[in-house]
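Next up: the structures, one after another.
In the two assemblies presented below, chain A is common to both, partnered first by chain B and then by chain C.
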Partner chain A sequence: MNYDVVVIGAGLSGLMAAVAAASKKKRVLVVARGMGIITIFTGSIDVFGYWPIDEAKPLTSPLSGIQRLVRKDPEHPYTKVGIDAIKKGIGAFVEAAGKGGVQYVGDLSGNILIPTAVGTVKPTCLVSSSMAGGDMKSERNVLICGFSGLKDFYPDYMAHNISTFEMEGLKLPRFRARTLNVDVGDRTSGLNCLTLAGRLEDQGLLRAMTEEVYGHLRTGERVAFPAVLGIRNSRDIHKKVEQACGVPIFETPTLPPSVPGYRLYKSLEDTLREMGVHMLIGYDVYNPKTFGRRIGEISIAMGKREKRVSGRAFILATGGLVGKGITGSYDRLKESIFDLPVAAPKKRTDWFRKRLFDPAGHPINRAGIVVDDHLRPINKKGEPVYDNLLACGTQLFGFDALREKSGGGVAVSSGYKAGVEASRM
Partner chain B sequence: MAVVRRDIHYPADQCIKCTICVEHCPVIKVTDKFLGPKQVGPDFQRFRSENDDPHDVSVDYCTGCRICDVVCPSGVNISELNIRSKIAVREKEGIPIRDTLLSHAYMFGQIASFTAPAANAFLKFRPFRWLSDKMLHLEKSLRYPFYQRESFEKWIRSYTFKSERKVAYFYGCFTNYNDPSVGKAVVKVLEKNGIQAVFPRQECCGLPLLGNGNVREARKLARRNLAGLLSAVDDGYDIIYSSTSCGMMIRDDYITYLDLYEAEPLFDRMKEVSEYLWELHEKNELNTDFIEVPMTMAYHIPCHLRSLGIGFPAINLMNLIPGLTVRELGTYCCGMAGTYGFKSDKYEITRAIGQELARQLAKTDGIYAASDCEACRMQIENMSTKKAVHPIKALLWAYGIEPVGGV
Partner chain C sequence: MDFHTEALVVGGGATGAGIARDLVMRGVETIMVEKGDLAAGATGRCHGLLHSGGRYAVKDPESAVECILENKIIKEIAPKAVEDTGGLFVALPEDDEAYMDRFVSACFRIGIETVNLTLSQARRMEPNLSEEASVIIRVPDAAVDPFMLTVMNARDAEIRGAKIMRYCELVGIVVERGRVSAALVRDNLSGETHRIRTRYIINATGGWAAKVARMGGAMINMTLSKGSLLVFNRRINNCVINRLRPPGDGDIIVPNEPTSIIGTTSITVKDPEDFRVTDGEVEMMMREAGLMLPESAEARVIRAYAGIRPLAAPETGSGRDASRTFTIIDHKTKNDVAGFLSIIGGKLTTYRLMAEKITDIIADDLGISIPCKTASTPILEPGNERHYSLGDRFGSIEIVQEDKPSRVEEIVCECELVTKREIVSVVKDTGTKDLNDIRVRTRVGMGSCQGGFCTYRLLGILHELDMVPDYEANEILIDFLEGRWKGIRPILWGDQLREEQLIEGIYMGIFALDKVAMRSGAKKGRSK
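Now for the complex of A and B:
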């Protein structure tokens, strides 16, 4: 098998790299040992929520935060990607998701504050249109509706926590909770969000649910649901419920299995298929064949049947420690396919701070692959390890996605840039 | 070093509870009767031991599509845990008559093709269907596959092509009794490439039995198949198959579930027919003297093709044909899942899963839809107005052996 660009990894950054390379008319293969975190995350794209890292107040504008960051921190992935590619990457993401049927709202100039299922408020940059109504800058009070039998979403818990939540400069609207008794099926085993979302595509059930919600509504409220309003027809369903209730409604991201994550994955998959990108999921990648500073081929195999894949450029998007793109022994981390150097604190005792919720974050979360301005992994001397290998996404060195709320933005923008760079090789 | 994913004793402890398998499970999106691959697989595995209760009622709703294995980023053999649990439940509780009948379809094949069209008329006969639904819980509104008067086995006797270059062909029961045109197409396409097909002694691969939890009988069939297939390998032949599920059963499951380690030498020699032809093409040995086949062909990827780990060679082959536009539908499990769809308690689930396939088929131009799996082809015809064909038919038409649309 022979391709122009081979993307290894099927998470958000890998899929974005494929979008970027395919839009330059390249023959692209995405190969991955499994699906990425994209299907289980909230579906909202955090670009830059907090900076400096221990700042308690969220950034009002991700873009101005990044502009300040790139002057101060030469190691951060955003500095390597560059502001121009970040803007283009976000644009390409919104377009690619939209083509597949998921509309994103928001832009780099402002963060949206949305409530979470555990009753906190978090800054994020892009949300699917189904979540846009949850903007906490709006003063409209919120009726949170949960479902009796749904095991992963508790409206009273969310309403209680959010009533005690404090964020500087933010005056939250009032929240109250109702658990709907509409019959959504067998409740003995506990329903998960995905199964419920599938059920709510049934017109009769949806009508019954809407009627019950309407009965609970008070004037001037909007309605929050867990993100379960349909899987494939979610935009129609959203519109229908909103019209029937006569007030704005919005979805709140839940625990995995995540419905918005699945919707986003399916939409990007549809877009990639339309662009002619090939996808092989379930294959281990190993045994790269190199010629000096070039990678010529890799082996891929599910079980024992090995195939060789050659490419002009390779993009590594295999994730960090959770995604197993980076693996480790007791005190040493390594990249799992090309054995690239991984930058991390030398001693294991320096990996973590004493307090779990230390505002400065844990140094291990910043560990990763160091790259140059073209996103090529570099060695200690600062030279590219391979001329035609690029890295993107979570595995990059120098950022703390959890603290900064920057994981989605780094994945989208570095993936996009890697795809563009690869298509020039 | 390669990590071998399908090590049969891969511990369930590799599961990090990410729920990616749940996200991609076709069943859990349409019913709450199935607890989902994670819970039934690695979660429950912790409570299972050899002498223990298998702790499972919902595993019966698993279609066995194996997408969970494919998407798992931690390399857990989830479907294997589920299938083993299903076997354990069946061993404890016994197998219902209905499932025994369904899993022995190959036996009816012999009788039905002998007595077709009478058998077909009988299978269509409403009172019979009503009765079989009432008594055996066989879904009455589903079309049964038709039986052909001339089985593929019988047709082989008139096959005279001779060549130095040979390949062994495992055609499977469906091709033999229900759709011999697939077998004939395979043989004729090989002939265009100067390759003679030989036919090792064979019976049902045993997958329907395994899927219904009957390991003992599956092993009996497997042993008989192995005798023929291993001697073909000894003669130096590759073995091709045109049914992805049969191929998966023989290549992988004989060892994984039936502990028939003598099947080991088959692994490298067993090739899906399009995989085999595409390898010829990669060696510049495929006859590409094609005529134009002006049409749009929808293509549905069977789940078991995904889990064979050989890519999607039929798409590559069809893309060689001038005039032919292949539209891969982006669909996952069609819902039919072999004998699953014939069971009346599963029928609604089968229909509900199939809705996505129906939607995509309706959106795609053309009157034909290709799929390598016979159960998927049945479901395509159940869920749409398209005519379902094996992808090998596109080559049959491209070589001009049959007019476009002919069999």
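Now for the complex of A and C:
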């Protein structure tokens, strides 16, 4: 099998790399072990929430935050990607997800403040239309509806905590909670969000749920749900419930598995197939064959059926520690496929700070692969390890996705840029 | 508020709870106070090993005799808290052969039953045992749940009339005319101070014993010895595995419910709350575990923790040389304070004997002739109840479902198969809002993810039951995660590192608790 661009990894950065390369009319393969961490996180795209990372007040505009950042921090992935590619990448993302059926709302000039399942408020940049109604800048009061039997969402918890939540310059509306008693079916071993979302595609159940919600509503309220309103038909379901209740409704992210994350994956996958990209999911990738500073081939296998894949350019988008692109042995971090150098504190005891919630973040969260301005992994001398290998996403060195709230933006923009760079090779 | 009693037991570990039970069984009016939750000190931070005495047979025969007698008694009176796994003493080629002969003859003299096993016999019981094992001897070691044992004793004492006051900390002792007359106790939840008039104060506070003694104007000479342990994510051994050599570091692996625990170390410390586990200790224990059970290198370590042994020994040499038997100090003879007794040393295995001996002194002083019956009276339940296993739990959950399909049991903690119904019933029965209370009573959050997922659910359920004050829940969650972090930070590599990154992703990334933590940290002045 021979391709122009081979993308390894099917998380957000890998899929965006494929989108960028395919839109340049390249023959693209995406090969991955699984869906990556896209189904763990919220499905909204955090671009830049806090900077510097120990700042308590969220950035009003991700873009102006990034503009300040790139002048100060040469190591940060955003600096390597560049403002222009960030803007284009975000645009390409909204378009690709939209084509696949998930509409994203928001832009780089402003953060949206959305409530979380524990009653905090989080800045994020792009949210799917199903979450847009949760913007906390709106003063409309909120009725939070949970489901009896759903083990990963507790409306009382959310309502009680958000009533004491403080954020500078933000006046929150009033929240109250109801647990719906509608019979959502078998609860063996407890119901998670993905299972419930599948069940809510049933018209009868959806109607019963909507009627119960309507009964609890007071004038002037909007309704918050956990993110469970359908999987494939979520747009229809959202519209139906909103019309029946006559008020805005919105979804709130909670513990994984993440339904909005899954919908996003499916939408990008649909778009890529439409664009003619080959997708091979469930494959291990190993044994790269190199010629000097070029990668010629890789082996891929599902079970025992091994194939060789050659390409002009390769994009590594295998993720960080959670995605298994980087693995940690007792005292060393290792990149899984090409054994690329991983920049991290030398001693294991220096990976973490004493307190989990240390506002400075843990050094290991910034660990990763160091790249040049073309996103090619480089060695200690600053030379590219391979001329036709690019890296993108969570595995990049030099940022703290969790504390900056920048994971989605780095994945989207670095993936997009890697795809564009690969198309030129 | 003022209380009045005959005996005040200070300390809610296994020893304190055992003493409270023995005292009420002999008709002594009793109050027990504990500054935190039950079993929060050395009891809840020990190895969970019901010693056969084999470990002490050669060097510390007095302690070994106590162990084997109590081993048999605890198996009879608290079967629910004991898993009778049996134990092996295993010698590797580098170990001293002369010690093995001394071990067997010492066990014989003391009355510890031993059986020599061949490697193939042993590996049938213990498939992960190293092929290098040269000598293998079976002994009647067992695993014991220290939380359950303590909770059972305290509950039994309560049913028999004792008053158990948790979260009540001793802050002062009143001595009048050379005799204790009252204690001042602060309720750590409400902040209120109580005065408890009492004839006796029994200091069973382990590592804190010297501090408590000073409150009554008495002195105790003791050494604090830290013992660190590592918890594996799965059960890599069926029985207790001991290294057949003079007691040293990292040479016992105890199966504990679905996990295995390796320990210990012995490092003299000054502070009874110095629970830090160092990188050196982690490395040493991983190496030692690998020698006896090579499989341990493949298992994930999910937590590191340490407990403080209150040893009755002068501060010379290492804690390993100190006898593991116990000492009772009557401060009347030593410090001219009558009615004030302290108990230090000993082991979880011998807690009942310790309770018997100190209760004997008080009973004698009060002219009570009722003999101690704790060796033959089952705790709480008649002795037919069996220790539970995860497999059994799964079975019982399924049966409930078949009977009443409409009232299915929701599993809240997947690692330990704890259901929502169990949590609700603990909350309703005890009226507790404390995560740790629920944890020790149900094992919720004690498995592979160490509460990473289920703690949020637990707090959610407490809210459903209206049991959490509005303003505290996320601070409780943050404090819990910080506490959990202390046990996890030393062992983050491999898959456990990956899981921890996922959990950090949930609380920082999805729930954005990091900024709340900054604010509450600043409020409490703990930001640095």
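Assorted remarks:
Definition applied: the second predicted complex is superposed on the first by the 422 of 425 C-alpha atoms of A that agree within 3 Å, B and C clash if a C-alpha of one lies under 4 Å from a C-alpha of the other, contacts with A are read in each partner's own complex, and residues count from 1 in each chain.
Basically, a contact is a pair of C-beta atoms (placed from the backbone, for glycine too) under 8 Å apart; a residue touches a chain by one contact, two chains touch by 3 or more.
From a predicted model like this one, the values you see are computed outputs, not experimental measurements.
Contacts of A:Gly169 after superposition on the shared chain: neither chain B nor chain C is touched.
When the two complexes are overlaid, the chain among chain B and chain C that reaches more residues of chain A is C.
Look at A:Gly215: by the touch rule set out above, it reaches neither chain B nor chain C. Applying the stated contact rule after C-alpha superposition, one finds that A:Leu280 touches chain B and leaves chain C untouched. In the overlay built on the shared chain, the residue A:Leu194 is in contact with chain B alone; chain C does not reach it. Residue contacts after overlaying the shared chain place A:Gly382 against neither chain B nor chain C. Of the two partner chains, neither chain B nor chain C is touched by A:Gly292.
Once the two complexes are laid over each other on the shared chain, residue contacts for A:Gly204 go to neither chain B nor chain C.
With both structures placed on the common chain, the touch criterion links A:Gly246 to neither chain B nor chain C. Judged by the touch definition given at the top, the superposed model places A:Leu402 against chain C, while chain B stays out of reach.
In the superposition on chain A, the residues of chain A touched by chain B in one structure and by chain C in the other are 37, 40, 186, 189, 191, 256, 322, 324. Residues of chain A that touch chain C in their complex: 37, 40-42, 46, 50, 54, 56, 116-122, 149, 151-154, 156-157, 160-161, 163-167, 179, 186-191, 253-256, 320-322, 324, 327-331, 348-349, 351-352, 354-357, 359, 362, 365, 401-403, 405, 407.
Across the complex, chain A is touched by residues 279, 286, 401, 408, 410-412, 414, 420, 453, 456-457, 459-461, 463-464, 466, 468, 470-471, 473-474, 477-478, 481-482, 484-485, 489, 492-494, 497-498, 501-502, 504-506, 508-519, 521, 527 of chain C. Contact residues on chain B toward chain A in their complex (touch as defined above): 1-6, 16, 18-20, 22-24, 28-33, 35-36, 58, 69-75, 252, 267-268, 306-312, 328, 330, 356, 359.
The touching residues of chain A, counted against chain B in their complex, run 1, 32-37, 39-40, 185-186, 189, 191-192, 194-195, 197-199, 231-232, 256-258, 261-262, 265, 269-270, 273, 278, 280-284, 286-287, 299, 301-307, 322-324.
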